[in-house]
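Down below are the structures I want you to see.
Shared between the two complexes below is chain A, which pairs with chain B and chain C, respectively.
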Partner chain A sequence: MAGDTQTVSGYIVHHLTNLTYGKLPAGYHRHDGSTVGEGGAWVMAHGGDEAAAMGFTAIHVDSMIWSIGLGIFFCWFFRRMAKKASADTPSGALNAVEMIVGFVDNTVRDSFHGRNPLVAPLALTVFVWVFLMNLMDLIPVDLIPHTLALLGVEYQKIVPSTDPNITMGMAVGVFILMLYYSITVKGFGFVKELTLNPFNHPVFIPVNLFMEVVGLLAKPFSLGLRLFGNMYAGEMIFILIAALFSAGIAWLVPAGLMQVGWAIFHILIITLQAFIFMVLTIVYLSMAHEDH
Partner chain B sequence: MELIYVAAAIMMGLGGLGAAIGVGLLGGKLIEGSARQPELAPKLQTTFFLGAGLVDAIPIIGVGIAMYLIFVVAG
Partner chain C sequence: MNINLTLIGQMLAFVAFVVFCMKYVWPPILAAMQEREQKIAEGLAAAEQAEQDLELAKEKAVERLKEAKEEASSIVDAANKRANQIVEEAKDTARLEAERVKAAAQAEIEQEANRAREQLRSQVAVLSVAGAEKILGASIDQQAHADLVDKLAAEL
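Now for the complex of A and B:
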């Protein structure tokens, strides 16, 4: 494991591999020399290459646990606040929750031009959930992975939004909602919008269709990758600064200052990316509801 | 294999160039707008942050992929 002579890139790559559980194909030679028997084996991967060999069946256990755990925490916390809401003794947490709900409500009110009771709660969930996932990035890089490594858990990526599967999964979820509402609200209008939009003449249908479909697919793709890119780059810089600490005692103060500086700037990035993800979700859903 | 570093550098550099110009323009327009109508400043600022977030979406994705290239592919 990352004990003996450990290079910087080894440290970095170690911090970038997820805890993966999946099915190794039969006849695969594992790290510890054993070969997987017939019919493959459901096993925890010991390294990036084994995780790659698992292919489609690989499940990022750590991203799943952290994201679902944060989702449950969000639901529990907001539900407790809603139940305990009392006007006479507002606690600090209650004010914070009210502020967030009010902020999301205003944003939905002025950028969503349809009548759908689902959009405001969806926007609140997306905003707070993505914010909580991004917030994990501020926890010092080695705190949780190393303590878990001592307990025998080899790999750990605690920030779910640095895992493209999570961000693209959410983006595809929004995309499915977009298609569903486009079809239910606009019906045939949606097909007409895709085929006749820029050039309103039947002979241009292939050109229109191509341009509109590319535009439609670019939305979830950029939505998911934007969050992933920001968080991945942010976490990479945290890891690089952490690796800088190994460069000797002279680097202690500069690296510490850089860590604090980047963490403070990263607070803005975290909230901004959660806000943008929410606003774009609202805007895409309101475009799906527009009925010319 | 050494070309990967050049590729990553180009990705980050050009992306950064585009984002810098974009956000610079946005910032200029924000200042102009709030100077012309100070009471709109908060609303302009929200729109500025939204725009800035959208402008540097692609460059940041470029940075993410470039860092992946540097550390995972060539690491």
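Now for the complex of A and C:
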């Protein structure tokens, strides 16, 4: 991070690199000149190249910590409110929590017509959790990474939803639920839906299957990548504006104004993306429950 | 931008949080909200009911008041009538009593008068005999002339 030799692109790349812990393959030449021995080695990656070399056997420590931390915060906070909740007059934070719960409940009632006690809590979790993860985007880009860098942590990406692993992880989770309910609710009807739709004739089964499977697979990808794309782009713009500060003292005020402006606009985006993720989750699950 | 184990980690965390939310967060909050909703609905219904009851009670009170007034006036009328009756009765009784007393007094007066007359009559006999004795010079035998004297007295 620090140092005179730092370039703008270096600054940006640094900000977009996760703190990765993973297994380097045997024979890999590390950045300090050493070579990984037989059987590989579990280490913290130094830079994007090493992280890429780790392949699938790696974990983004920062994404996981922030994501799980925010999830735990959500559970703790909502659990505390759930304990306080009673039929008496609500007060303080309980009002806000009840507003969110009522909002999610209404949305689920509007879009989901089956009977499934999982959908509403799932929607609430998705909404609040994604919102909290997105909210990290509003923390000044250098504040936490730079502080942690001073403490010796090389990389830090504090917005978990700018990590495709996180968004796709949730999307795949939703996708598995979709498949599960499609099969348990529709049974053989699910196979029929895949093979005899839209052309209801045995001859067209391969065509139908291809189209329907593509359509089915597109759902989790669109769900996960939409959130990722929006948040990544938003984060990128924050970083670019932050990089403007290095362009000289004259940029201080315009860049500051841009930062504030984008942050205000981003409040809308993070809420909207959390809402879209929740609504699509409900709609996909609703489709999985509806027999044609 | 690598897809790696983080994906699996996030899926597991996702499942854990959703399960926690489904077990410990969603049901109590929603139950409390629904309970409150019901309470408010009941309260509003009760308020409406109370308003209706109040209206009804007012009407009833007015009716009662009217009834009570009527009853009171009828009682007063009856009492007045009764009082008049009592007065009339008392007057009658008093008149009768007065007549009775008057009759008794008259009878007594008559009796007294008769007695006085009898007494006078007997006295007259004695006095006339005494007068005659005086006149005739004590020669009259009282016993012998008793019949004569009595006859005289009876003529008085």
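By definition in this document, the second predicted complex is superposed on the first by the 282 of 292 C-alpha atoms of A that agree within 3 Å, B and C clash if a C-alpha of one lies under 4 Å from a C-alpha of the other, contacts with A are read in each partner's own complex, and residues count from 1 in each chain.
By definition in this document, a contact is a pair of C-beta atoms (placed from the backbone, for glycine too) under 8 Å apart; a residue touches a chain by one contact, two chains touch by 3 or more.
Everything numeric here is computed off the predicted structure, so don't read it as measured data.
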- Message: Just to be sure I read the superposition right, which of the two partners does A:Val108 touch: chain B = first, chain C = second, or both, or neither?
- Response: neither
- Query: Which partner does A:Val141 contact after superposing on A: first (chain B), second (chain C), both, neither?
  - Reply: neither
- After superposition on the shared chain, which partner residues are touched by A:Leu24: those of chain B (first), chain C (second), both, or neither? neither
- Go through the superposed model and pick first if A:Gly173 touches only chain B, second if only chain C, both, or neither. second
- Scan A:Ala274 for contacts with chain B and chain C and give back first, second, both or neither. neither
- Message: On the A-aligned overlay, A:Glu98 touches which partner chain: chain B = first, chain C = second, or both, or neither?
- Response: second
- Query: Which partner reaches more residues of chain A, chain B or chain C?
  - Reply: C
- chain B versus chain C as contact partner of A:Pro117, first or second or both or neither: second
- So which positions on chain A get touched by both chain B and chain C? none
- Note on the structure: chain B partner, complex, touching residues on chain A are 9, 12-13, 16, 48, 222, 225-226, 228-230, 232-233, 236, 272-273, 275-276, 279
- Task: Mind listing the chain B positions that touch chain A in their complex?
- Result: 49-50, 52-54, 57-58, 60-65, 67-68, 71-72, 75
- How about chain A: which of its residues touch chain C in the complex? 20, 22, 51-52, 54-60, 63-64, 67-68, 71, 74-75, 78-79, 81-83, 85-88, 90, 97-98, 101-102, 105, 117-118, 120-122, 124-125, 129, 163-166, 168-170, 172-173
- Message: Give the list of chain C residues in touch with chain A in this complex.
- Response: 1-11, 13-18, 20-22, 24-26, 28-33, 35-36, 38-39
